[in-house]
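Multiple structures are listed underneath, in C-alpha cells.
In what follows, chain A forms one complex with chain B and a second complex with chain C.
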Partner chain A sequence: MTRRQAYNAAALGAALLLAALFPVLVPNGAFETVAIFTLIYIAMASAWNILGGYTGYVSLGHAAFFGVGAYAFTILCKAWNVPAGWVTFLMLLAAGAVAGILAIPFGWIALRARRHTFVVITIAYLFIFQLLAYNLTNLTNGSAGIGAPIPPWMGSSFNIPFFYVALALAVAVIVLSALIRRSRFGLSLLAIRDDEDRALGLGIPTGRLKLTAFVIAAIFIAMAGALYAYYVTFIYPQYAMNPLDDLSMALMAFLGGVGTVAGPVIGALIVEPSQQYFTIAFQSGLNLITYGGLFLVVILFIPRGLWPTIRDALKARAERVRAQSAVEPPAEATRLSAKGGSS
Partner chain B sequence: MVLTLKDIYAGYGGADILRGVSLTVEQGSLTCIVGPNGAGKSTVLRTISGVIRPRRGLVQFGGVTINGFSPRRILEMGILQVPQERSLFPQLTVQENVRLGGFILKDTRLVERRLGAVMERFPLVKERAKELAGSLSGGQQKLVEFARCFMLDPKLILLDEPSMGLDPQTFKQVFAMVREIHAEGVTVLMVEQNTKSGLEIATHGVVMEGGMVRLDGPSQDVLHHPRIGQLFLGGTLTMAK
Partner chain C sequence: MPLLAVKGVSKAFGGIQALNSCSFSVDQGTVTGLIGPNGSGKTTVFNVITGYERPDAGEVLYQDQAIHGQSPRAVFQRGIGRTFQSPRIFPRLTLIENLKIPVRASGGPQTPEDDVNRWLEFVGLDRYGTAQAGSLSYGQRKLLEFAMMLAANPQLVLLDEPAGGVNPAMMETMARLITEMNRRGVTFLIVEHNMGFVMSLCQHVVVMHRGQVIASGPPAVVQEDQAVLDAYLGD
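Up next, the complex of A and B:
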C-alpha cells in the first residue's frame, strides 16, 4: 500500500466512524432527520452518477424509479402482510428488484437516443410514472396517497434504525460506485462518455453496458425511495415522483464533481442540509431559487465540480512547489557564485 | 495471401464509392494505397474493417470470407484499424486508453501481460501512463494509437493516413514506427496522401482513382512508373526524379 493509499484509507475510515457515531454525538431528532435525508440523497446521487456521470447520459427521469421503489415497497408490504420492524427493511431489496425489472425496457428505449433527446425522453418518463401513480387508483390509491407500515420505534429511538440503514445504503452505493470506477466495466462507461462511436470501434458493446448502468442506478434509487416511504410512512404521487429530486441528484453530482466517486457525496453533503435549512428558515420557495442559482454558478464557474477542481489545484500547487525547490540552488552555491561574480 | 478483395462495390447511402475494387495484400507485406482525394482509399479500409458492408464482391481474410462480419468479429480475427482522425479518449489516461485496446480479450491476466509488454515496447506509454491522452501532442497520440493495436496481437493493421496533420519531426517518428511494426512481421495496409513517403517505405503500392484500382505492383515500380506523376500527382514525382 502506498503512502497516499494509506492516507486515503485512514481518511475514509475516520469519515465512516464519524458518520456512525453521529446519533451519539448529536442526539437531536431534527438533526438526525436531516442526516437521514442527506444519506438518502448521497445514495441517490451516487447511484445517478453511475449512469449520468460515468456514461455522460444525463437522466432527468430517474426520480420516477424513486417513486417506483416507494410504491413497490408500500404495495408489497401490504400484499405480503410484512410486519413493521427491522425485517421490513428487507423489502428494500424487493423494491429495488421491481424497479430494476421495469428499468430494462424503459432504459432500452431511452438509450436508443443520445444527448438532448435522451434527456427529454427521461423527463417524459418521470411524468408518465407520476400520471400512472395518480391514475392507477386500485394500486396506488391515486392522489389520496397510500400508507406504508408504521415503524414500531417511538420517541428518541425512532430515527436510529433509519439512520443506520440509510448509512448502510449510502456506503453500499459508494463502494459499488468505486468498484465500478476501477473495473473494466467502469472504464468502458467512461469511454462511452468520451466518444461512444470510438468505443464501439474497439469492440465495446456500448448498448448493453449503458443499459446495465441505467438499471443499476434505477435499482439503488428505488431502494432509497423505499426507505423514504418507510420513514415518512405515507406517500403521494407528487412527492414520490418529484421533478425536484431529479434536479437535486444532478445538481449534487455536478456540484461535487460529476463522474467521480467522491463528487456526488460532497454535493449531497452541501445541498441537502442547505435545502433543509432554507426550507425551515424561510418556509418559502427560496430553496428552489437557491437550486437554480447554484446550478448556474456550478456550470459557469466550476463546470468540473468542486472535488476535481480542488484536487487539481492542490496537485498543481504541489508540483509548483516541487519545481521551485528543484530550481533553487542551495544557499552555499549561491554565495560561491556571488563571490565569483564580484571578483 | 492474407487479404483479398474481389470486385468490391461499396459506399455510403446507396452511392458506390468503390466500383469494382480488386486487390491482394501479401502476408508480411507493407502495402500502401495512394491516389487523389475522393479515390476511395479510406473506403477500402472501412470496408475491410466492417464499418461499411460491400454491396457486391468478396472480402477474404486468411481464406475466410468476412463480408457482413461485425466490426467486433473482424477485430477478433486480428484486423485492427488506426483511423485517420484522432481515436484516443481524451479524458482517459494513456494507460486506460491502451488497456481499452484489449477490451475484447476475456482473460484479464493476458490483458495485464499485454499491457506490460506494450509499455516496455513503447516508452512513451510508460512515461505518460497516468496523464490524460488529450494532453499529448498529435504525433504522440498517433503513437499511442499504434501501441493500442498491440493489445490484440494484430495480424493485419489498417493505417488510415498516419501522417495527416503531423509536423515533419513527428512525421518521421510515425513513419519509423510503421517501418518497425512491419519489420516485426506484421502485415500492414496503409492509405497515405503523401505518395512519395508512403511508397518509399512500402513493399507494395496500389494507385486508386475514381473508386477503382489503376495500378498496383512492387512499390518501387509504382513509385517510378512513368505515368503516375501525370495521372495523379501533378507531375511532382517526375520532377523529383
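Up next, the complex of A and C:
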C-alpha cells in the first residue's frame, strides 16, 4: 500500500467512524432526521451517478423508481403481512428487485435515444409512473395515499434503526460505485460517455452496458424509496414520484463532481441539509430558488463540480511547490555561496 | 482470394449518390492507398466497411465472408480496425485507460498493463501514460488513436488521413510505424490526400471519383492515368 492509499484509507475509516457515531455525538431527533434524509440522498445521488455520471446519460426520470420502490415496499408488506420491525428492512431488497425488473424494458426503450431525447423520455417516464400511482387505485389507493407498516420504535430510539440502515445503504452504493469505477465495466461506461460510437467501434457492447447501468441505478434508488416509505409511514403519488427528487439527484452529482465517486456524496452533504434548513427557516419555496441558483453557479463557475476542481487545484499547488523546491538551492548552500561571493 | 473485397457498393444520402457501384479489393499483407478528390466517397466506403453505414446495394466481403450491414462492434471483432479523419479518442480518460479499452475488448489479457505500456512506447507516448488524452496535441492524438487500433491486434487497419494536419516530423513517425506494422503482417487501407505519403508507402493505389473507382494499380501507373489526372485537375 502506498502512502497516499494509506492516507485515503485512514480518511475514509475516520469518516465512516464519525458517521457511525453521529447519533451518539448529536443525540437530537431533528438533526438525526436531517442525517437520515442526507444519507438517503447520498445513496440516490451515487446510484444516479452510475448512469448519469459514468455514461453521460442524464436521466431526469429515475425518481419514478424511487416511487416504484416506495409503493412496492408498502404493497408487498401488506400483501405478505410482513410485521413491522427490523425484519421489514429486508423488504428493501424486494422493492429493489421490482424496480430492477421494471427498469429493463423502460431502460431498453429510453436508451435507444441519446442526449436531449433521452432526457425528455425519462421525464415522461416520471409522469407516466406518477399518473399510474394516481389512477391504479386498487393497488396504490390513488391520491388518498397508502400506509406502510408502522415502525415499532418510539421516542428517542425511533430514528436509530433508520439511521443505520440508511448509512449501510449509502455505504453499499458508494462502495459499488467505486468498484464499478475501477472495473472494466466502469471503464467501458466512461468510454461511452466520451464517444459512444467510437466505443462501439472498439468492441464495447454499449447497449448492454448502458442498460446495466440504468438498472443498477433504478434498483438502489428504489431501495432508497422503500426506506423513505418505511420512515415516513405514508406515501402519496406527488411525494413518492417527485420531479424535485430528479433535480436533487442531478444537482448533487453536478455540484460535487459528476462522474466521480466522491462528487455525489459531497453534493448531497451540501444540498440536502441546506435544503432542509431553508424549508424550515424560510418559506417552503425558497429551497426551489436555491436549487435554481445553485445549478446556475455550478454550470457557470464550476462546471466540473467541487471535488474535481479542488482536487486539481491541490495537485497543481503540490506540483508548484515541488518544482520550486527543485529549483531553489538549500538554505545552507545559499548562505555559503553568499559568503564566498563577498570574500 | 483478397483479404477484403468491396463489390458494387452503392450508398445515397438523400439526393446525393455518395457511392455508385464501387468495387475494389485489398490483398493480405499490403498497404493500399485509397485516393480521390474531396467528396469522391472515400470516407463513406470506410463507413460502409466498418459498419457505421449500411450499403443500399452491393456487398463487402472480408476473408470471403459478407460483413456489410453488421454493427461496428461485430466488424471490429472480426479483426478490422479503423481510425478517423479527426482522431476519435476518449478525451477525459488517461492514455493508459484509452489503450486498455481495445486491449480488453479484443480479448486481450485481463491485466493489460504490460501490453498498454508496450504500445505507448511503440508510438512514443509512454511519458504521458497517466495524462488525460484530451491534453494531447492533434498529432499526438493521431498517434494515440493509431496505438489504440494496433492494441486490438487487428489483421486489417483502415486509416483515414493519418498524415492530415500533422507536422512533417510526425508524418515521418506515422509512416515509419505503418511500415513496421506492415512488416509484422498487418494489412493497411489508407485514405490520404498527401500524395508523397501515399506514393512512398503504398504498393497499390485505388482512385475514386464521384463514388466510383476510376483507376487502380501500382502508384507509378496510377499517377500517369489520364482519368485520374482529369479527376484531380477537373475534367
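Heads up, the rule we're going with is that the second predicted complex is superposed on the first by the 328 of 343 C-alpha atoms of A that agree within 3 Å, B and C clash if a C-alpha of one lies under 4 Å from a C-alpha of the other, contacts with A are read in each partner's own complex, and residues count from 1 in each chain.
Methods note: a contact is a pair of C-beta atoms (placed from the backbone, for glycine too) under 8 Å apart; a residue touches a chain by one contact, two chains touch by 3 or more.
No experiment lies behind these values; they were computed from the predicted model shown.
Partners chain B and chain C clash in the overlay (superposition on chain A).
Applying the stated contact rule after C-alpha superposition, one finds that A:147 touches neither chain B nor chain C. Legend: residue contacts after superposition of the two complexes on their common chain; A:184 is shown touching both chain B and chain C. By the document's definition of touching, neither partner reaches A:27: not chain B, not chain C.
184, 187-188, 190-191, 193-195, 198-205 are the residues of chain A that lie in the contact sets of both chain B and chain C, per the superposition on chain A.
Here chain A touches chain B in the complex through residues 184, 187-188, 190-191, 193-195, 198-205, going by the rule given at the top. Every residue of chain A that touches chain C in the complex is listed here, in rising order: 184, 187-188, 190-191, 193-195, 197-206, 259. Interface of chain C with chain A (complex): residues 50-52, 71-73, 75-77, 82, 84, 88-93, 97, 100-102, 104-106, 110, 148, 152. Partner chain A is touched in their complex by these residues of chain B: 51, 71-72, 75-76, 81, 83, 87, 89-92, 96, 99-101, 103-104, 108.
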